[in-house]
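Structures given as structure tokens follow.
Look for chain A in each of the two complexes below; its partner is chain B in the first and chain C in the second.
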Partner chain A sequence: MVWLLAGLFLFPIILGLAGTVLPSIGWLPTIATGQGFSVILSDPRWLPAVALSLQTGIIATVLVLALTLLSLICVHDTRLWQWVSASLPPMLAVPHAAIAVGLLFLISPSGALVRLVSPELTGWARPPTQWVVPDANGWSLIIGLVIKETPFLLLAAVSQLQALNVDASLRIGRTLGYSPARCWSRLILPRLYPRIRLTLLIILAFNLTVVDMALLLGPGNPPTLSVLLMALVNDPDSRAAASAGALLLAGLVALCFALMYLLERWIAGVAARRRRSGARGQGFGVFRTLGQGVVLGLLLSCAASLVLLLMWSFTRRWRFPDAWPSEWTLQNWTSRADVLIDPAVTTLSIALTVALVSLVSAIMWLELERRALAPRIDGMWFLPLLIPQVSLLFGWQAVALWFGWDGHWWTVVYTHWLYTLPYVILILAVAWRELDPGWGHAAQVLGAGYWRVLWKIRLPLLLRPLCQAAAVAVAVSVAQYLPTLLLGAGRHQTLATELVTSFGGVDRRVIAALAVLQSLLPLLAFVMALLYPRWRMSRVQQHVKSINPQPVLP
Partner chain B sequence: MQDELRIENLGLHLPTGQCLVQGLSFSIKAGQVLALMGPSGSGKSSILSWLTGTADARLHARGDIWLGSQQINNLPTEKRRLGLMLQQDYLFPHMSVGDNLHFGLRGGTRQSRNQRVSQSLIDAGLAGMEHRDPATLSGGQRARVSLIRTLLSDPCALLLDEPFSGLDTALREQIRRFTWTAAQNLPVLLVTHDLADVPAEAEIVTIGEPCSELDLTEPQVQ
Partner chain C sequence: MPTYRRFIPVLFSALLSSVATHTYAVEPDSDWDTVLEEARGQTVYFNAWGGSDRINNYLAWVAKELDTRHGVTLEHVKVGDIAEVVGQLEAAKLVGRNEDGNVDLMWINGENFAAMKRNELTWGPFATHLPNSRYVKDSPSIKADFSVSVDGLESPWGGAQLVFIHDSAAVASPPRSADALLEFVRGDGRFSYPAPPAFHGTTFIKQLLIELSAESASSTQALSEPVEKADFNAITEPLWRYLDALHPLLRGAGKSWPTSGEMTRQLLDDGEVDIALSFNPNEASAAVRGGQLPDTVRTYVFDNGTIGNTHFVTIPWNATAKAAAMVMSDFLLSPEAQARKADPEIWGEPTVLDVALLDEADQARFNDVDLGVWALPIGTGSVLPEPHASWTVALENAWIERYGQ
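And now, the complex of A and B:
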């Protein structure tokens, strides 16, 4: 069973990488011909695309890290923290493509920000032409990536704070005379960083190689490297060049990982020397206010993007520079149901299946691990998140074509599973390993066998993390663009593929409806994951109330 | 009348090879209480874990467990029919009191099961609490529910691992009396470090004597 599960997981990764390597050197002639490396390296778009990918990926990652640390240092012990921590799950739930579309509605020349101040403050009666979104330098893409990825890193950091006993460290540091910022930088961050390093690497890999957000928010000429490779892979004559480019992109990501490691070592050395200086630091009133403002701005941008999506989906007429739509309608939903319903049903069927399969496989693995029948190899599960999607999926698609598996519904599900399982295992592993084995032993000595203990005791006790993991699996599956596009062979239109491929060619009000629908599915999953365990527990408590009614207060 | 619980030539060593117990043998007849006493870390709880088959797999253990004429060493935990009560009551929080008790029952028709649960609650002075959430019970009530859940599983012997140590002084005596009355037909192995927990007629076995370390280079026969 251990080998079967590990084999199923590693199969597309190993074959996918092989399927990318072989065509790039002309060893898979039925898929690709020619020497890929020479073609891609002589393409005039190659170097600008590499430069743009590095620029957007690295700047976005640095900003994500900076904003996460700023949130922790400036907001952690304030009232704003409640808002920040409560908003993380819904912000995480919203798919990348939907956030990108919402952001376009916010920051484009005809977007809400300009409308709010026009024409009174700007004098603009028409959308300005001084800037365009997406811009040539990739700043729109950087903003989109920062809005989407900061909650991910922040959530990873928040989950570690309790283990680090942050409050006690802050108290001790401050009684020794250190400013709060110094307490964080000298006492907490050196211990926190190693715990969020893997998440940061995943974010760096994603930012350098993202496709769907880059298609929506990135510049077109030159595009980012991953978008350029997408254009090449769709052309049979350029398949070898696309594979070679995908390998070079993987190399680029590995190079960035190495640079990050060296930078870490250097910063750690500097920080270690500074720790001995005894400098207590200054009060950080202004810095704190500034930090809170930036964090608030991030939250508001995300919220505004979602509100704009909702507004546009019900808009009949919204002329520039009106701040509000002049006419509302339901027609964007009702008259274009054909565009909305089929992709929604496909998305939902894939997401629910993937969530179920991911849960079952994660439970199987963690149970085998608990019974010492499987090794603890957490690193393996993160492979699909650290390898660029294009590098893996170009090859996996080639292999699927070779075997005639492409276009099948189960191939799409299998590929989504590859990307959801790491998150599901990550969420469940902590709860699984921390559950007191005494619960199982107590049930066993009462005569319950393995399956009864699992079904009646362990799973109900772990209901909350199970529901959370299922919701995350649904959210990750709903957001998958590239796996659906490449492995679905155009036969399975999901909300993600419809949204990205229709953008620019379809009425923005229908695009908004698609984005709203794509956001609603994971949000609903998160709400259900929150409410279902409470409802289950309240059933027992309702019995208590019915037997011992509470006295009615006057 | 239940069978005798017999332990023969028990040897327990930590994964490091450190000896906890060597050559320990004893038997407990039905209705008899044997108290296992010793300082902290002497291996009292490890002996109970080994008896129930829930010990850490890295523990080096040898010896035989007999329940009457049946050797139960190689049976899975759920088939050994050794009831266990710990300091923590492990009432399943997602089940009502009644569901917890039903979980302990083996076989029977629906009607007979309901009747046994209701009767056991009445006997324990907990009548009408079947639908209560365990979280709303007092410490003494929880201890009683935990004990009757164990007894409803029809154990052939009862193992008690400091079951009274989490209770306050007044409650402790009450639960002790309840336990000895409820378990009067079973062989009972009590692990405690408090002499006041031990009934007057109980036999006492003390462990914690130094014994020889295990040679970890030798192949072990489990």
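And now, the complex of A and C:
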């Protein structure tokens, strides 16, 4: 059982990597002809694409880390913090593609920001020509990545704060006369960093290799490396080159990991020396206000992107430089219902199945692990998140083509499961390991068998994390672009694939409606995950009251 | 347990379907009643560019009609560039997947058709056996697709011509030649074009090439023949000189490009550019009525004419539902479907039928179509033939080498 589950998980990873390696060296001539490495390396777009990927990926990751630390140092312990921490899950839930589209509506020269202040403040009767979006240097993409990935890292950090006993550290530091910023940098960050390192690596790998956001926000000429490889992969003449490029991309990611490790060692050394210097530092009022402004700006641009999606989806006319649509309509929703409903149904059916299958398989694994029937190998689950999607899925698609599995609904679900299970298992693992086994033992003593204990005691007690994991699974599945595109053979069009492929051609207002739908599904899942356990709890309480109307005094 | 049990049947069915063989009776010249009978109950996977919601909506209507009239289910597989599908078919040919293909019908023309014909990826001369093919126009661009003889391997679907759309409220007299365009951007004119290999971008540079070589009879002749025979560098040299001068003055300074013709239309509405490119002479009418462009826009072509062509649908050799694909091709050619497509409210694309051959009721369908003042006025601007199909890839590659890095 253990090996079956682990095997099912590792099967596409191993075969996928093999399916990328073999064509790249010309061993699968039926799928890919010729030698891949020499072709890709001599492609005139290779070097610019590598440079662009490195530039956007590294800058975005550095900014994500900086903004996360800035939020912790400047916003933690202030009134803003409640807002920030409450908005993290929904920001995380909104799919990348939807945010990217909303951001385009916001920051373009003819976008909402300029419309809001023109022509009154700027004097622009026509859109400015000083910049374009997407720009050739990848800044639009960097902004998009930062907006989407900072909440991820921040949430990972927040979940660790309690274990680090932050409040106590701050008190001690303040008593010793250190400024708040120094308390963080000297006392907390050195302990926090190792706990969020893995998340940061996942973000770095993602930023270096993202496809959907790079298609929407990235430069096209040259594109980032992963987008360039996407353009090559479907042509049998250049499949070998695409596979070779995907391997080199994986190598590039590994190289960046190594670089990050060295950088980390160096910074740790510097920080250790500075810790011993004993300098207490100045107050940091201005710095703090500035930091709060940046964090607020991040929140607002995310919220504004979503609001703009909603507005455009109900707009008939909204010309530059009007600050507000001049004509509204429901037509984008009603007359285009067929364009919207089909992909929404496909998305939902895949997401719900994936969530269910991921939950069941995660419960199976964690139960086996609890009963010492399965080893605790958390590292394994991170594999799909650390290997670039392009590098894994090119090969997995080749394997699927080979066996004729491509285009099947189950193949798409299977591949989504591969990317969903890691999150589900890691979310549930914490709760699973913390759950007091005493409850189960008590029930067993009362005569309940294993299944009854699991069904009646353990799972209800874990209802809240189970619901959260299910919501995350839905969000991850709804956002999957590349697995759906490559394994679905065009037969399973989800909101993600529909949004990205039709962007640029399809009416902006319908694109907005698609993006709203794509954001709505995971947001609904999160709301339900929040409400359902409460509703269950109130039912249980009513039930308890009805059988025992007298409150039991302790 | 559940995961385990759920996956086994999937793996098995996938394995089985890869070895199972089906035999279908229809041939390209089968009796039409046989075709209709076999088509009933089949699903056509129609691979077509999915970048325009107007086209997607039209296909949704086709799907409904095919279902009620012929019991055929249409699945529109939206693709970004049909060249990718041609690539997948080439891969399928290599691995010997000669049946149960993923593509039943595809939207195609030009170099993609040339590639399919060259690699024998088409099924056969079905197009000339479709009942509605008798109404098709007798036109050189329908008999030969980018100078490549069609031979019934693809069925015509619509006509197209490169046109320019401008906002008369912003620019009263737009540039009407390549030279005037350069002058226009040297002033404060705002312009950009989609980066090749995006379809509109490639067509635009072909248009420039034809215009810039118009004075040389030998160059003009070379463009209608395979590129291998021509002195590519000498013929294209004026084009690169022109683009070198043009690019720094474009929106995005030749570093950031629109991704499609539709995007230039959106940028026109936003005011980021002054001129949009379209391959549909009636697009502006549809866009104005749909609230996507102001009603001050007008459509025009260069004084010496612009490139026009025909696009087609074809059935791959390994299609699963060939009968249904034929039924759909025929329905697309029906006067009703063609007249609906010509209506700017719906799609607004010129028909491939010779309206004079239709009966009165069907002629009336076309006469009822109101093109509006925003469309290209009928009879303006001559249509220039496409260069030979082989020029497309050569020009795209040369463009990417120069400007795409």
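Here are some notes:
We adopt the following convention: the second predicted complex is superposed on the first by the 541 of 554 C-alpha atoms of A that agree within 3 Å, B and C clash if a C-alpha of one lies under 4 Å from a C-alpha of the other, contacts with A are read in each partner's own complex, and residues count from 1 in each chain.
Assume contacts are C-beta pairs under 8 Å (C-beta built on N, C-alpha and C of every residue); 3 or more make two chains touch, one makes a residue touch a chain.
Everything quoted here is computed from the prediction, not taken from an experiment.
Superposition note: with chain A as the common reference, chain B and chain C can be accommodated side by side. Once both structures are fitted onto chain A, a short way to say it is that chain B and chain C open up an angle of 140° at chain A, using Cα centres and rounding to the nearest 10.
When the two structures are aligned on the shared chain, A:498 is found in touch with chain C, with no touch to chain B.
Of the two partner chains, chain C is the only one touched by A:44; chain B is not. When the two structures are aligned on the shared chain, A:405 is found in touch with chain C, with no touch to chain B. Look at A:339: by the touch rule set out above, it reaches chain C but stays clear of chain B. Once the two complexes are laid over each other on the shared chain, residue contacts for A:456 go to chain B alone; chain C is not touched. Measured by the number of chain A residues touched, the leading partner among chain B and chain C is C.
When the two structures are aligned on their common chain, the gap between the nearest CA atoms of chain B and chain C comes to 23 Å. Under the contact criterion defined above, no residue of chain A touches both chain B in one complex and chain C in the other. Of all residues in chain C, only 1-4, 6-7, 10, 14-15, 17-18, 45, 47, 49-54, 56-57, 60, 75, 77-80, 83-84, 87-88, 90-91, 94-95, 97, 100, 102, 170, 190, 195, 251-253, 255-260, 262-263, 266-267, 269-272, 290-292, 294, 400-401, 403-405 touch chain A in the complex they form.
Of all residues in chain B, those touching chain A in their complex are 52-54, 57, 76-84, 86, 88, 90, 92-96, 103-104, 106, 128, 131-133, 136, 149-150, 153, 155.
If you check the complex, the residues on chain A that touch chain C are 1, 4-5, 8, 30-31, 44-45, 48, 108-110, 126-127, 129, 132, 134-136, 219-222, 234-237, 239, 316-317, 319-320, 327, 329, 335-336, 338-339, 357, 360-361, 364, 401-408, 410-411, 414, 489-491, 493, 498, 501-502, 504-508, 510.
Partner chain B is touched in their complex by these residues of chain A: 372, 437-439, 441-449, 456-457, 460-461, 463, 536-537, 540-541, 543-544, 546-548.
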